[in-house]
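The data blocks that follow each hold one structure.
Each of the next two complexes has chain A plus one more chain, namely chain B in the first and chain C in the second.
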Partner chain A sequence: MSGSSYTIACPKCQTVNTVRGKAMTLALTCSSCKTYFGVGKWSKDLTTFGTSYEPVLPIGAKGKIDGKVYEVMGLVVKKEQKYKYDWREYIIFNPFEGYAFLSEYNGHWNMVWPVDDVPPLAMSASDFVDEGFHFRLFQKYKAKVIYAVGEFFFDVVHITETTFNREFIAPPLLFALEKSDDSVLWCKGEYMTPSEVASAFQIPVSKLPSKTGMGYTQPMMGKIKNGAVVSFSILVFIFLLIAQMFFSGSAEEKVVYQGNFFQADLKDQKFFKTSSFTLEGGSKSLEVVVVAPLLNDWFFAEFSLIDETTGTETIFTKDVEYYQGYEDGESWSEGSTKGEAFLSQIPAGKYHINIYPEFSTSSHEFSLTVKRDVAAWSNFWLTLLMLSVFPIGYFIRRNWMEKKRWSESDYSPYEY
Partner chain B sequence: MKRGDVHSCPSCNTLHTVTLIESSLIVCKSCGTYIHEATGDENTPEQSKMPDDWTFLKIGSTCELPQQTFHLVGRCRLQLRNDYKNFWCAEYGRGKCLWIAESFGSFSIFLSAWEKFAGDPAQLRAGASVKMSNELKLIGEYVEKCEGISFAGEIGAWNFFTPGFFVVQASATTKTSFFFLEPKKNVSFLSGEKILAERLNFKNTIEWNEWK
Partner chain C sequence: MNLDDLKGLKYYIGYAAAVMGFFIYSHMVGWKWFNPTHTEKEHNNGTHHVGGGRSYMYHK
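And now, the complex of A and B:
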C-alpha cells in the first residue's frame, strides 16, 4: 500500500514488518517466520499454521471492482467444522469503501461486503425477501482458520473460531451472518465469474482455480431473471392472441359450396365432381369440411381443387375415423365424424372439386362444405408452440440446476 | 472552555482560540499537549499520539449539505480490539457541535448530546434488543473493549472514559446509538443516524488518488 511507513516487529522473530493497513491493521502474519499475531498490547497469542497456500490474488495486488480500486490485504483459508471442506477468503480494502471479501470455493467467487441495512426478518426467519429477492437459508456452520497470510483489520483467527455463521442465498446474491457473543455482522454478497475476478486484478484467468460443480450463488443462464422470462412469455402470448383475434375478426368465413354425396350415386365412376363455385377477393384461405356419419368405421378421400380458368390442381386428402365402445364399465370414444382441410393462399377464380372417395363396408355417404377466408388457428398454435420452447426449456433447466445447487445444502426445499 | 476564549499551551505557549460554544479539550497544534479544564467529575484524558490510519477525513474537511456546512475541528479516535472508530467533532452554526462517527467507509451522524442510559446495562449485548423508548428498540451489533483513545484538534462535550471501557453499538434501520460502559459506573450514549458518505458531501479531504 503506497505511502505506509508503519512498522511492527514480529514478537517471535523480531523481523520488522511494514504494515500496509497502518493503524487499521490489528493482526498480521510475519513476512519472515509466517507467525500470525495481533498488534494490540492485549493480544499475546501467536499462531502458526500447519499448512500453506499460495494466494492466487497476490497480497498487495490492486484490482478495480465496480469502478473502485481495492488492494488485497490478506488471505485466510477456512475449514468448515462439520463437513470439513475448506475455502479461501481474500480481504480487500479501499479507504473510501472500507473492507470487503473475495471468497473462493471450488473456483466459484463471491464478493462479500459488510452492510448496515438488514431485513428485519433475517434475524429469525429461514427465508425473507429483500429488494424483491427471495433469500433462503442455505447453510449454517462453524469454521476454523487453517491458514492465514497478510494483514487483517480484526483478529480473524479468534473471530472465526467464536462465530456461528448462517448464509442465505438468492442467486446471484447472498446474505451472510456472523454471530458471536460479542458481535453480529451482516454481509451481503454477489457472485463473480472467474473472468470478472481475473479482469479486475489483471491476471490471466488460467491462474485462478478451475470451476468445479455449481457455485451456490452461481446465476443460471447469465443474467436472465425468472420474472423477465415470465413477463416476456406473457407479453408474446398476449401479442399473438391480439393478432389472432384481429385476423379472426376480419375473416369473412363465407360458405361457397355445400353438398351431400352418396356411394350409390357413384355407380361405375371413380369420383364425384362438385358444381362450380366462385372464389372472390384475391388470394385467401379456404377450408374444406368433410362430415361422414360413421360409427366404428372410417372414410377417406382424395380431393382435387381445380381452377377452371388455368387448370391448376391443388390436391389434398382427408381421413375421417370414429370409434366408440364400452369396456371395463366405462364408455370410450376415439376420433371424430368430422374432418377439416385448410388451404392457404388460394387465388380468386372459378373452381370445382373432384373427390375420389374410399368407402368402407359401412360408410356410404358424406357431406362437403367449402368456406372462403377462414382464420387459421393452426398458425397461432404453431407459433405459440415454437415460442414456448425457450421459456419451457429455461424453467426445466432452471429446476434441474436449482435442485443440483441445493443438493449441497442441509436446508434444501427439494427431495432427492 | 467557551467560544472565543484564547488558551495558551502549557508546554509551548502556542495560543488557541476556542471555536465551539462549549469545548472540553484542545490538542495543541504545535506540540500535541492536551489543553483541558477538568470539571471534577470526569476523567482527565491521558495524552496519546494519534495513530496513522487510512481515513480520508482530516481536521479542516467540511461536509457541505444544502442548508448547512459543517467544519471538522477535532477528532477522537477509539482503538477497539477488533475495530476502530473515528469520532469527528464538527462545528456548525457559529459554534454548535455535532459528531460524525466513521469506520471503514461507514458513517453515522450525532446531533444530540451525551445522555445517561436509564435502561439495564445487561441489555447491551450483541444481538439483544435495547429499548430506547416505547417507539424505538435497537439491536446490539457488537460489544468491543476500547484499548486506546487519541484526540486531535478541538473536542466538544465528550465523556472522558479511561481506556478499558466497553463500546456497544446498537441500531435499527438508520437509527443508531453508541454506548460507552465503564464497569460498575454509569452508561453514556450518543444517539444518531447512519448516513451514506455521499450524502455528507465531504470536501477538502485527503486525496488518495491511487484508490480512485
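And now, the complex of A and C:
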C-alpha cells in the first residue's frame, strides 16, 4: 500500500515498524523481535512463536491474479489440532477487492476470498449445490497458528484458536466456513497450479514447494469436465456410426467375376485359371467367395490374384469344411460350405486368378465369386474400441484419483 | 459444451480426429486392419507363373 508512512512501535522491543496496511492493520509481527501483537487497545497479548518459516512469497511482494494486483501482507502457518498437519496461508490485499488468502499445503495452492452469499443449505447440510457445482463436506477441524509474520486485518492468532472450521469441495472450487461463538466467515476458493502462482508473482516455480500427493481441490486431468467428455464421446460415436453407414451403403460390392470349377476339367493341369476381369477406381477391397457343395468333407485351394499389367501376385489360401451328424438324440453341424477371403487395398487394373485346388475324395467342384469394394465392419468395431479408450480411461483414472483425494477425508463417500 | 470445455478436451479431440481420419482413409482405400486372410505378394517383372512349383502354402 502506498502513501505516507504509518508506523507503530513494538510493545516489546520498541522497534518502530512501518505499517503498509495503515489503519486497516489490526495485528502485526515486529520486524525486529518477531513478536506478534495487536494494534490499539483491543489486545494487550504478545505472542512469540517457537518456530520460524521463510515465506516463499515475500512480504510486500505483488502479484497479478485475475488481472488484479494483490500485495502479500502477511503469512500464517496453521496446524490442524487432530491430525497435526500444517499448512500456510498468505494474506494478500487489493485496495478494491479487499483481502484474500493464498493457502498452500504440500505444494498445492488455493486462492480463497471472503464471500457474503452462501447457499442456505451450506450452514447445515453435508453437501449442497452452488452454481451447478456439487459441494461435499471434506473436513471439519480446529487449528492453531504456529507462526505468523507480516500484517493482518484481524487478530489471526486469536480467531484461529476460537473458530471451528468446515470445508466443502467441488474441485477445483471450495467453500470454507470459519465459525466461532460470535462470528461467521464464509470464504470461497479455487485451486491454483504452482505455475499460476509463480507466474502471478513473477518468481521461478522452482522456488515454490514441490507438489506431493493430490491437492484436495486439485482438478482432474486439467480442465476436463465429465459432462464434456460424455457429450463429446456421444457426438464422436454418432459421427462414427454415420460414417460407417455411409461407407457400407456406398460400397459397390460389384461382382467382377463368377465361375464354377469341376475337378474333371482339371485333367493334366494343376490349376484353374479364371478369365480376366477389370477392377475399376482406385485402391479398394476385394472379396473372394468360395462355395463347395460339401457334406462331411473339406475343400482347400491356394489362390494367386495376378495383376496382368505389373505381374504382381497376391497369394492367399482358403479352406472350406462342413460336417454334420446326429449324436445322443441331437443333430449337430460344424463349419460351412462357404468361405470368404478378404483382400485389402487392391489397386485398379486387369486381373485374373490362378487357383490351385486340393480336392478330397468326395469333393469335386466349387464356385468362385469375386466382389469389388466390400465394406469391412470390423474396422468400425475397432474404431469404436479405440475411441472408447479415452473416455473409459478418463473415468477409471477419475475414480481412482477421487478415491485418493477422499482418502484424506473423514467424510469420504468411498470405501477403502 | 462451451469453448472452455472444448479446450479441456483438446487432447481427446485430437486423438478422436486422428482415429476417425485413419478410419475414413482405411475405408476409402479398402483396408481391413485385422484381416484373417493372410496374403503374400510376389513380383514377377511383368510375367507371372502359369504353373505349379509354389514354394509355400498358406493356411488360414
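Note that the second predicted complex is superposed on the first by the 275 of 416 C-alpha atoms of A that agree within 3 Å, B and C clash if a C-alpha of one lies under 4 Å from a C-alpha of the other, contacts with A are read in each partner's own complex, and residues count from 1 in each chain.
Going forward, a residue touches a chain if its C-beta (ideal position, glycine included) is under 8 Å from a C-beta of that chain, and two chains touch if they have at least 3 such contacts.
All figures in this text were calculated on a predicted structure; none of them were measured in a lab.
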Touching partner for A:325 - first (chain B), second (chain C), both, neither: neither
Partner chain(s) touched by A:99 [first = chain B, second = chain C, both, neither]: first
Contacts of A:304 with chain B and chain C, given as first, second, both or neither: second
Touching partner for A:413 - first (chain B), second (chain C), both, neither: neither
Which of chain B and chain C A:181 touches, first, second, both or neither: first
Touched partner set for A:159, first chain B, second chain C, both or neither: first
Chain B versus chain C as contact partner of A:386, first or second or both or neither: second
Residue contacts on chain A - larger count, chain B or chain C: C
Chain B and chain C footprints on chain A, overlapping residues: none
In the complex, chain A residues that touch chain B: 2, 6, 21-24, 26, 40-43, 62, 68-69, 93-99, 114, 116-117, 123, 153-155, 159, 179-185
Footprint of chain A on chain B - complex, ascending: 51-56, 79, 81-84, 103-106, 125-127, 139-145, 147, 171, 173, 194, 197, 208, 210-212
Chain A contact footprint on chain C (complex, rising order): 1, 4-9, 12-13, 15-16, 19-20, 22-24, 26-52, 54, 56-60
Interfacial residue positions of chain A with respect to chain C in the complex: 222-225, 227-229, 231-232, 236, 239-240, 243, 247, 270-271, 273, 282-286, 302, 304, 306, 308, 310-319, 341-346, 354, 356, 373-376, 378-380, 382-383, 386-387, 390-391, 394
